[in-house]
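Chain lettering (A, B, C and D) follows the sequence in which the chains are written, and residue indices restart at 1 in each chain.
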Amino acid sequence: MASQNSGQGANDHLIISSDPKHPANLIPQLCRKFWTLGWVTGTGGGTSIRENDLVYLAPSGVQKELMEPEDIYVLELSKQVDPKQRVYLRSPPNLKPSQCTPLFIAAFTKRNAGCCIHTHSQWAVLVTLLLESAPSNTNLFEINNIEQIKGFGKGYQKLGNLGYHDTLRIPVIENTPHEEDLTESLEEAMDKYPDTYAVLVRRHGVYVWGETVHKAKTQCESLDYLFQLAVEMKKLGISWLSDIQ
Amino acid sequence: MASQNSGQGANDHLIISSDPKHPANLIPQLCRKFWTLGWVTGTGGGTSIRENDLVYLAPSGVQKELMEPEDIYVLELSKQVDPKQRVYLRSPPNLKPSQCTPLFIAAFTKRNAGCCIHTHSQWAVLVTLLLESAPSNTNLFEINNIEQIKGFGKGYQKLGNLGYHDTLRIPVIENTPHEEDLTESLEEAMDKYPDTYAVLVRRHGVYVWGETVHKAKTQCESLDYLFQLAVEMKKLGISWLSDIQ
Amino acid sequence: MASQNSGQGANDHLIISSDPKHPANLIPQLCRKFWTLGWVTGTGGGTSIRENDLVYLAPSGVQKELMEPEDIYVLELSKQVDPKQRVYLRSPPNLKPSQCTPLFIAAFTKRNAGCCIHTHSQWAVLVTLLLESAPSNTNLFEINNIEQIKGFGKGYQKLGNLGYHDTLRIPVIENTPHEEDLTESLEEAMDKYPDTYAVLVRRHGVYVWGETVHKAKTQCESLDYLFQLAVEMKKLGISWLSDIQ
Amino acid sequence: MASQNSGQGANDHLIISSDPKHPANLIPQLCRKFWTLGWVTGTGGGTSIRENDLVYLAPSGVQKELMEPEDIYVLELSKQVDPKQRVYLRSPPNLKPSQCTPLFIAAFTKRNAGCCIHTHSQWAVLVTLLLESAPSNTNLFEINNIEQIKGFGKGYQKLGNLGYHDTLRIPVIENTPHEEDLTESLEEAMDKYPDTYAVLVRRHGVYVWGETVHKAKTQCESLDYLFQLAVEMKKLGISWLSDIQ
């Protein structure tokens, strides 16, 4: 478990800013929005923003629509040698760090992401359940020929976005009892699908990232849109892949 | 029926506070949120907070999204000897106490809860309807291997939360024409399932509680999420229990 | 068609008040809420409040979430001798009176209602469509043994509300090309079902009223809840009537 | 691609106004509303207003609920000779013009529209998917005998609105990899269905216009209502056309 080593109140200057775009202001603002979307119900889900070497994190177990800047954790990315021994530059008193932290860090270090969002969206969970009971590859969500697919970048260090006819592929990893234990399989999925901006977690939700807050958030919205559409398509007997060219 | 013994305007100091976290301010704030979630439509549902020996209650028959602190009832828990003869420390003029009162009191006295929420959520009602027409045990909602289950405590006076593989079990009691008459079967369900934080009421809704407002609310959100997911799973032919370990 | 006889700007004092509960303030406030509920999409639906002999009406063809007090029509109920020759005490410049006006007036005169709400809720429309394709009585929506039914009064000039085991019955009338032409069949439905507080209009929506704004609104919410529940029950193969006693 | 020829900051007076109904204020306000309706998720969709010869446009790739007047493009309609060489009177720094621009211009020039809205509404997409798998005409959405149909004008340069028994017909065009390439088939659909106020784009969304902002918006709302209703009708086995007269 991560420790809250910092003295309480230490380094509060890291989370106090009058700029609404400062990560410590932006995370609560995003979380309020995500709560209304049903993405972070009942303290589920989370959000993290990286600015250069500093990582800002929503804490564990809080009501996301009521978060305030003073609830934010801060750590230095380059100093995180041992994931079991995370040292926080700034820790909010009386809170616990999120178990999602190593997963967010994976997106920052392996994909140079600037923001990572974790939702418990029911549409994401339903897609993983539908894949689970599918006859063939159950570890990959695939959809094509839907305009909203163009909301995704082509991949890590590639320019431009997916095209209408491209197939969007999101890998699915199996859930584990402890969220931190997802880290290894999440990193494996990143290695196997180097261009993906998201990984679904079976019966759990989804991790979505992007080079910037803007990209992470809009990709997360587009993906949730596609998950919802996919569930409705299934109800109506329409397949997710088509051979339109 | 409970009586409004207090002189009108008596003990108004109990519900006047500039602290947004005072129960008399918090209940209207929660009810506004619950109204947008569809939990307290058309004056249905209710919420109560206990602080030490004082119990704060939303009244009967009000538009929940328009509630104000002056609409709140207050009673002393230790003085409620005869449930048919409830004495209120503070009663709002021109309102009636909620029929949910003895059910809230059961959560406070039998489970030491700090907050109890009653919703008419359609997802809760649909789950009880689906169970009613099920071939086997129709008085127990069971679901496992869904991450959101971790949003529930292990049970009364136990530390920690349920794990991913644990099965969440919510008992269902039959509805009665008068809500007060649910008290006995609710207490029986609490005795039979001592670790549950919620009881479903067939064709009616759900009661959810917690040691604190935070826990009651987030458990209620997580449960509603699971009820909605369960209805969607049923539509898609996916079973609520699986043997993943 | 109703005429806008009043000079423009005449009798503006009827719709100017600093009291948020004045009908001219309340109608826009209600309409904003109804818009978010999907009840008055695309200028559909409407709302009217009666205070003693004065009737306040939302106009035709406006964006309901943008309505202002100055958009409100006012007429004197006792002076409406010929429904084809309605005289308005106050008419907003550049607007047209709602075609719902004679239907609202029927609720006021035949049922002494204080408020009448007309929605285009999709749940209401779907219920009328499901009844249309039902084998037996297609002109009556019936549901029982659902707690939310207790949100309805027993009927015109009767005390108290429906009980849990009572069957809520809402008559359905056929739609007509011109909304005003619904008046006769609406009045017939009121005569045939003297205790109803609502009439469904096939492929169109619902009219709901009550002795007060509070009752009309909360009955409309409860009914919409029941319509939505009924559609979901149909999808899940659960019947609307059961013989639980 | 359209070019951003104007010097940055040039002609900012075109988008600065204290009037909330100025197009540069109205577009962000509309987009915020559309975001909550799920019409412009993840930077999808767009909106444009024409006032006389000036066209105001939301830019490409922005979070629609966060748009500000300074993000608005302005161009002169009469000066748009070559659609490949669009010249903007005013261009926001660091943004790109929307690929929807030639489609909006088609509505302005061929139909004299005052406003055009493009949504990625899932209901629109699902309707095009349902039509795609239908046995007969898959390029036309048709529905009749639903009251909300009266929310549409009879057609270009015609007075009055559709009646209850009239059939609303919305043509469907096939999607293309580049949104600009839809222009030709959109214009063809306008020619083939001269009275339509909307064109569906398969697996993509819908374009809706009107003589004024009011008409475009309320027609877009009514259409989205009908698309959602149509999807629910399909789930319940109810056909979109009926022979009620």
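What we mean here is this: a contact is a pair of C-beta atoms (placed from the backbone, for glycine too) under 8 Å apart; a residue touches a chain by one contact, two chains touch by 3 or more.
These numbers were taken from a predicted model, which means no experiment stands behind them.
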Inter-copy rotation, subunit A to subunit B, in degrees (Cα atoms; steps of 5): 90
Most remote chain, CA-based centroid, reference being subunit A: C
Centre-of-Cα separation between subunit D and subunit C, whole angstrom: 32
Whole-Å separation of chain centres (CA-atom averages), subunit A against subunit C: 45
Contacts with two or more other chains, residues of subunit C listed in rising order: 235
Topology of the chain contact graph, where touching chains are joined (line, ring, star, complete, other): ring
Every chain pair meeting the contact rule: A-B, A-D, B-C, C-D
Residues of subunit D that touch subunit C when the two form their complex: 145-148, 151, 163-165, 214, 217-222, 224-225, 228-229, 232-233, 235-238, 244
Complex contacts: residues of subunit C adjacent to subunit D: 38, 41-44, 63, 120, 122, 125-126, 129-130, 133, 175-177, 201, 203-205, 231, 234-235
